[in-house]
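We call the chains A, B, C and D, going by the order they appear; numbering starts again at 1 in every chain.
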Amino acid sequence: MTILSGFWLFWLSLLLASFLALILKKKTNYLRSAGTLLLCLSCLILILISLSILGKGGSPLEFEVKVGSFHLPFLIDGLSALFLLLLSVLTLASVIFSLDFVKKYKGDEFWKYYLILPLFIGGLAGLLTVDDLGPGFTLAWQLMVISSYLLIRWGRPTKVSARPALVYLLFMEAAWLMITGSAFLAKGYIFGDSLGTVGLKLAQSGPWQAILFFSLLFLGFGIKTGVFPFGQWWIPDAYSTAWPQVSSLLAGLLEKTGVFGLIRIFFFVAKSSGAAFNPDLWGKVLVVAGVITLFIGTVQAIKQSDYLRLLAYSSIGQVGYIIFALGSSLLAWNSSLPLAKSLASVIFIAAVYHSLNHGIFKGLLFLLGGNLLYATGTRDLNRLGGLLSVMPVSGFLAAIASYSISGMPASSGFVSKWLMISSNFLAGRDSLLLTLSGIVALFTAAFTLACYVKFFGLAFTSAGASWKLKRSIKEVPWKLLASEIFLTVICLSQAFLPMGYVKLIDRSLGLSSGFLLSEAGGDLLSGKMFSLKIHDGQSLLAATSPLLMLFLIVLLAFLAYWFSRSAHPAETKVPAWLCGYQDLNLNNVYADRHVFSDLKKFFWWTGGSPKKVIDDNDPTVLPDSQPKGEVE
Amino acid sequence: MKVVAVFVNLIYFLLLAPFLEGVMRKLTAWIQSRKGPPLYQPYLDLLKLLGKENLNSGGNWAFRLAPILSFSSMLAAIALIPLTGQANILAHSSDLMTLIYFLTLSGFCLLVGALGSGNPFAAVGASREMMTTVMLEPVLAMLLILGTVRIGNFSLSAAVSGVAVSRGGSYFLMLVVYLLALQAFAARQPFDIAEAEVEILEGPYMEYSGPNYALLRYTLNLKRMFYAWLLVSCFLSFILPANFLFSLLLQTVLIIVVFVLISLIGATHPRFRIDQALKYYALLLILALIAVGLAVKGW
Amino acid sequence: MWLWNKIKQLTIPSRTGVVTLRYPYKPRPAPAGFRGQPVWDHTKCIGCAGCASNCPARTIFLRDICQEIRILIYDSSRCTYCGRCADLCPEKAITMSENFELATDNRQDITQTIELFMMTCQRCGRCYDLEIKNALDKLQMLGYRYDSLEVRKVIGQSTPEFEPEHLEKTATYRRPEKLEKSSCGKD
Amino acid sequence: MSRKEELLNLLKDKLRGKFLAGSSLEDKRLFIDIKKEALVETASLLMKEGARYQMGVGYEAKKNGQGLAMVHTFAFDADSLLVAIRALTTEDKPEFDSLTPFIPGAGWSEREYIDLLGLHFKNHPNPKRLVLSDDWPEGIYPLRQDVPYDLMPPSAEEVAFRLDEAPPGSSIIPFGPFHACLHEPAHFAVYVDGEEIKGCEYRGFMVHRGIEKLAATELTYNEIPFVAERICGICGSVHSVNYAQAVEAASGLKIPRRAEFIRTIMLEIERLHSHLMWLGVAGHLIGFDTVFMQAWRIREKIMWLAESLTGNRKTYGMVIVGGVRRDIDLTKADLIKKTLSEVEKDMLALEKAIIKDKAIHRRTKGVGYLSREKAVEWNLVGPVARARGLDMDARRDHRYAAYDEVKFDVVVADSGDVWGTLVVRIKEIYEAIKIIHQCLGKLASELQGSPLAIEIEGPVPAGQQGLSVVEAPRGEAVHYVLTGDDNRPERWRVRAPTYPNLQAVPDMLLNNKLADFPIIVGSIDPCISCTDRVAVIDRKTAADRILSRQELEKLSREVRSKT
C-alpha cells in the first residue's frame, strides 16, 4: 500500500464517519462507537503516513488532483508530516475523550457532532497538505472554517454561542480573502499555482507588491494564529464556547495550522522569492508582533475567571512565543555574525518544538478543563477548589500539564523555552531588539507561571467548596482519563527526550525542500538522548538536561524528607486556622477574582478584563451558593 | 574535584545560612536597643521545630510535598552555582536558565502548598508572593543576562563572572538596581509583604508547623544567603583572590556584610503595601532593562 | 533627606545602648513600696476577717474548723495585688512583699494558710485583751473571736476537712448584704 | 441665665406634660426625667441645640416595680454641661423609640440593652445581637435583677452568628478573635475585593467579665475602684478616677484638693504611657519594629516611675472613693521631674528620627480617612476625633480633678487620617509633661500637708445619679452611677472611648487596602476589654480552674475534633 492510497483511505474513513452520523441519527450508542472507531482508524492511518514519510527512507509525497478545471497541488513533506502527526495524536485523544463526554452533555443531538467533526479534521489535514493559495487551499480552508463554525455554534446554547461563532466565521473569511487574494500580487499568477511557483513569480514582481504580498499573508495567517490584536477578538470567545475536546483541537491544531502557514510563507515561499523577501524587516515584524502577543495574551489570561477563557488567552500568549521565535530566527539568519547565523536554525527548531509541545499540553489542558466541566458543571474558577481530594487523577494530570506549560524545570515547556530563549540571547548579543524581546519573553514566563498557579491552585488545591463538592462530585470516567494519560505520556516524553524530538524536527526539515535556513551553517545542537547542548566548536554555550534536573530535585527531596522526618514527628489532621471564630465556608474563601488583584490592576492597560462567567443551564451545575454567612 | 565542589556548595550554604539569620536578628536587636538572641539561636529554632508536631490542614499531597520540594529545588539551585567562580560538574548540563527556574520552582512549591492549605490568609500571602515573583524574577534574570551579553555564553559561571568584567555604566546601574531589589529578594522589610505577620499572619507559612515549617524557614534562609552571595560574586568578583580557601573566606565576610546591610535597611523601614511595592518593582524592571540595553551597546 | 532620617534612626541605639536585661539571671530590684505578693505575719494576725471582707477579688477565705481553730487561706491565683488588705489590716499583719515571680503549675505553692487559735469573750463577745507575756503564749493564743453577724458571712462554716475542692466551694458562698467599714478592730 | 437653666426651660416649654422632673446636684450636670413618648423629641431637641451624644444606660429600676429605665446622656462641650434624660417603661411592654435613625452613634448603646435587658427599640435599623455570645439562650437578660451574676446557661451546639450580606463579588477575611494585629479578642469580618476592603462587620464583646453586674450585686462602693481599674489594662486609672468622681458627685462628696492634684498627675502619667505604647504599636502595625522598640524603651521609664510612685507598673490602685491612697512627696516629685526630663529628651530624638520619614508617611497619610462631618456623626472622641479637626477635650471642656488650674493646649489636626492621629498623639505627650510639671509645682508650694482622702460619712443616699467624664488617652470615658442600697450602686455604667470610635471603624476601613487594616483599627487604639465590660460569665470556670498541660491539650483536641 502506498502512502498515497493511505491518504485516500484516510479521507474515505472520515467521510464514512460523517455519512454514518446521518444514517445512525437516533441510534446513539452505535453512532458513538462507529464514529469513534472510524475516526480512530483515520488517525492511525494518518500516523502511519506521517511515520513512513519521516521514517527511515521516507521521502516527501507530492501529487496533484484535478477537480474540473482546477489542479489541486498536494505536498506532504517532512514539516507537513510532523504537523499531521500532531493532528492525529490530538484527534485520537479528543475522540476518545468525546466517547463519554458527549453522552453526558448533549443527549440525542450529538449526531451533529459526529457529522461535523470528521469534516473538521479533514479540513485541518487538508490545510496541512495542500500546496497552493488557490482552489485547494480554499477548499480545505472553507471545509475547516465552516465545520469549526458549526462546532463552536453547537457548543453552548444559541444565546451564548451565536455571537462568538459568527465573529469567528467573519474573521476566518476575512483571513481567507487576504490569503487567497495575496497571491494575485505575484506577477503572472495563475489561480492554482503551487507555493513554490508563487514564490518564483513573486521574485519577478515589484518590491511593493512583495511587501504587500507578505503583509497580507502575515495578516491572514496572523488572524488565524491569533496575533495581537486579532487573537483577542475571536479566540477567547470561540474556545470557551466550543466543547472542550473541540477547543483542545482548536488550540492544539487550528492555531498551529496558522503557524504552519507562517512557516510555509516566511521560510519556504520566502526562499523561492529570493531578493523580494526582506528578512530583516519581516524578522523584526514577527519578533515585535510575537512579543506583544505573548505578553498581552499571557497577562490577559491571568485576569480570567472562566478557566476555559484562561486557557484560550494563554494559548494566544504561547503562540506569541512561537511567532517571536520564528522572527528571531529570521533576524539571526540575517545577522552578520557567523554564530548567530548558525543559531538561526536552532531557534527555528525551538519554534517548531514549542508548537508541538504547546499542541500537546494545551490540548491536554483543554481536555482537563473538560473534566472539570464534566464533573462540576461550572466554568467559574471562583466556585471551584479542593478538587484534588475528589478527583486525584485529574488533579495529578493537571499538575503535570500546568507544570509543563509554565516551563518549570524538567518539563517539556522548559526544553522548548530554553532552546528558544538561550539561543535567542546568544544570537542577539549585539541586537538590542533580540535581547530586550528575549527579556520580555522571560518576564512573561513568570506570568505564565502565575497563570497556572492560579488555574491549578484554585481548581484543585485551595479550600474552595471542597466540603460541598465531596458529596456529589466524583472522578470522571476512565475513558476521559485515558485520553489525557495518553497525552501526558507524550508530554513527558517531550520533556525527557529532548534530543529525540530535536532529531525528529531536524529530520522533518531535511525532508522539506526549499527551506530557507537549510544552508544556514553548522550544527550547533548536540547532546545525548536526555540532554541538549549548544556548542560553538570551542566552548559550551548553553546546556540543559531535564532528566538530570529531575534527578537532582528528587535526590535532594529525599534528603529534605529525611531531614524533616529525622525526629519522627507526629502528624495530625486539623482544620485551617481562621482566627478562631469563623469556620471555613463559602464566603471566606479567597476566590479567583481576588487573587493577583493588584497585579491585574497594575496591568489594566493590557485590557482583556474578564466577563461575568455564565454557566450553561445544566443539571450538573452546582446549586447557587448558600445564604451568606452560613457556617457549615 | 568537580564533583566535590557540588558538595562544598551544599555544605557551605546549609551550614552558614542559619548563622546569617542569627547575625540579622542580633543586629536588628541592637538597632532596637535590645540584647537579642544569641547568634546560634536559628540553629536551635530549627532543631526545636524538627521535633514539633506536624499539623496538616490541607489534607492533600500538594500541601505535604510543597515544603520538601521547595527546599530541594532551592538546594538544587545552590548545587549549580560556581562558588568562588569555579564551575562544578553540573555546569555541563545546566545554565543560567536552569538556575532561575530552580529558584522560581522553590517559590512555586511554597505557593502551591499555601493554596493547598485552604486558608484565606495563606491565599492572600500566596497571591502577594506570586505578584512579587512575577515582578522580581526578571530582575534576577536580567542581572545574569547582563553577564551573558558581555561574555556571549549562557553558562552560569560566565553569567556570574561576566557582570563585573568591565565596570561601565551598565555595571553601576545594575548594581544600583540589585541593591534596591535586595530587600525584596531577601523578603525583609519593607518588602516582607507576602509574610506580613500583622495582617496576614505569615501568609504562605501560616498553616505550616513543625518539621515542614523548619524546611520552609531553612529555605528562606538559604534564599537570602543565595541572593547575598549573588551580590558578592557578581559585583565584587574582581576582588576575590584566586586561592579557593582565601576566596571562600573573603566571600563569607562579604556575605556577612551584605546581611548587615539587609538588617540595617530592614530595621529602618515600615512594610510597604503590595500596590506601592508593585510600582517600585516596575521601576526596578525598567532600570534593569536600561542596564541590559547599555550592556548590549557595550557600555 | 531619606538617608538622613535613616541615619538618625540608626544612631538612636548608640546613645541609649542596650536596655534589655538578661532577665532571669539579672533581675532588676523592685522599688520601695512595691506591691508584690502579700505576706501574712501569723504572729500579728488576729483573725478579724477584715482583709477577707474587703478584698475586691474575694481571694482571702476564712473558715472555722471548730470552735477554737480558724483558718485563713489566701489564694494568690486570683489576687490582683491591690494591697487593700494591707491597708485595712488593723494589726499591720499583712505586708506587700517584693516577690512577683509567682508563676507555678501548682496552686499550693502560692497559697498561704494560717491556723489561728481563737479565744472568745463569752460575756460581751467583743473585747478581749489578753496580756501576752512571751512568744510561746503568743503562739498559743493568736487572735480573738468577735462573732459579728456580718463577718460571720465571710467566714466559712465549720467542717473537719479543708480540701482544695472546698476552696472552690468557698468561692461561691453568698456575700453579705451590707458591711460597715472597719467592722473589726480593737478601737 | 445659665445655659443649664436655658435648656431646662426650653425642654419644659416644648415637652409640656411629658416633662417629669429635672434635677442636679452639681451645676454642670442636668438630670431630666421624661415620659418615654418624648424620648425622640427630647433627643432631637438636644441635638439641635448642639449636643454630642455620649451613651445610653439601661437598667431595671427595681424600686416599687418601676419597670425598665433607659438613660441617654448628652454633652454640651462648649458649655461644660452634661445632660442625662431618663425614661421608664413597664416590664410587660419594654419598648422605647430608637434614637439610632438620627444618631448613628447610639446604635450600639441600644443594641446592648436589647441583649442585656430585653428592651425593644422601635425603628432600630440593625437590631442584631451585640453583646451576648452566639449560643446565649433567648429570653435570659443578664442585667435583669432576677438573673444571678454567676448564671451559666448550658452552651448550645452549632449556633452561628449571621453576618451581614456581603457586597457582591467580595470574600470575607476573618480577622480575629485571635489575630496578630488585634491584641485582644474581637472579630472583624472584613469583606474584601482582592486587596481592597469593601466593608466590615464587627462581632465583639468576647471578653465580657460581667463587671457592671458584679458591681450591682456583689461589690461595695470602695471595692469597685479596684475592679474598675481592671476594666482596662492601659487606662485603668481613668476608670477608677471616673467611677470615684461619679460616686462623689452622686453623694455630694468633696474630696481634698491635694488628692485631685495627685489624681491629675497619675492620669497624665498614664496618658504618657498610653501614647508611647500606642506609638510603638502603630509602628509595629505598619511593620516598623524599630519604632515599636524605641517607643517602648521610652515608655519603660514611665512604667518604672509608676512602679515607684504606686507600687505597680499598671493598675496603680491609687484611687478610692473620697481621695487617693498614696502621697506624692518631695522625693517622689524629684523622681518624676528627673524621669520626665529624660523622657522628653528621648521623645524629641525619636520624633525627629521618624516624623519626616517618607516611608511612614506613605503608610499613614490618607489611610483610614474619615471626614469631619462623619466624625461628628459617629460622635468620635479623643485623638481620633482631634485628628479629624474636632476641637474637643474633656480636660478642657468638662474640667474635673485639678484640670481647672493647669494650662495646656488641645492638639488638633485636620488631615482626618492615621497620620493626623499619630501627630496628635505625639504632641500630646509634651502637653502631658507640661501638665505634670504644673501639678508638681502646686503640690510642692500650696497643698503641703492636706489630707489624701476623706471617708464617706454614713450611707450614701440611694437613687442619686452621678455622671462623670474623664479624658482617657484614647478619648473621653463616661461613667454613670445610680446609687443604690446595700452600700453599692444600683447601676454603674461605663462607656469607654473605644465604644463610639469602634463603631466608626467600618467607615474608616472602606476602600482602604487590606494591608492597612491593622493600622486603621490600631489608630483608634481599640481597647476591646474596655468596651466589652458588661455581660456575664461564670467566675468559677473563668478563673478558678487550673488545667495541667495535658488536660489543656486534651481539651483543645476535643474541641478541634468536634469542628
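The definition used in the following text is that a contact is a pair of C-beta atoms (placed from the backbone, for glycine too) under 8 Å apart; a residue touches a chain by one contact, two chains touch by 3 or more.
On a predicted model such as this, the values are computed, not experimentally measured, just so you know.
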Ranking A-D and B-C by C-beta pairs in contact puts on top A-D
One chain's C-alpha mean falls closest to the whole-protein C-alpha mean, and that chain is B
So the chain most remote from subunit B by C-alpha centre is C
For the pair subunit A and subunit D, the C-alpha centroid-to-centroid distance in angstrom is 65
In whole angstrom, the CA-centroid distance of subunit B from subunit C equals 58
Whole-angstrom distance, CA centroid of subunit B to CA centroid of subunit D, is 47
CA centroids of subunit A and subunit C: separation to the nearest Å works out as 82
Shared-interface residues of subunit B (touching two or more other chains) are 31-34, 120-121, 124, 267-268, 274-275
Expected list for subunit D, residues touching two or more other chains, is 171-174, 179, 195, 290, 294, 297, 359
Shared-interface residues of subunit C (touching two or more other chains) are 6, 9, 12, 16, 19
Every touching pair of chains is listed here as A-B, A-D, B-C, B-D, C-D
Listed in rising order, subunit D residues that touch subunit B in their complex are 171-174, 179-181, 195, 283-294, 297, 359-360, 362-363, 513-518
As the complex stands, subunit B meets subunit A at residues 50-63, 67-69, 71-73, 75-76, 79, 90-95, 97-98, 100-102, 104-105, 108, 111-112, 115-124, 126-127, 130-131, 133-135, 137-138, 141-142, 145, 148-149, 152-155, 206-207, 210-212, 214-215, 274-275, 278-279, 282, 285, 289, 292-293, 296-297
Within the complex, subunit C is touched by subunit D residues 150, 218-220, 222-224, 226-227, 229-230, 290, 294, 297, 300, 304, 307-308, 310-312, 315, 317, 325-326, 346, 349-350, 352-354, 356-359, 455, 486-487, 539-540, 543-544, 546, 548-549
Listed in rising order, the residues of subunit B that touch subunit D in the complex are 28, 31-34, 120-121, 124, 189-190, 192-193, 196-201, 267-276
Contacts from subunit D onto subunit A in the complex sit at residues 160-166, 169, 171-179, 187, 189, 192-196, 203, 560, 563
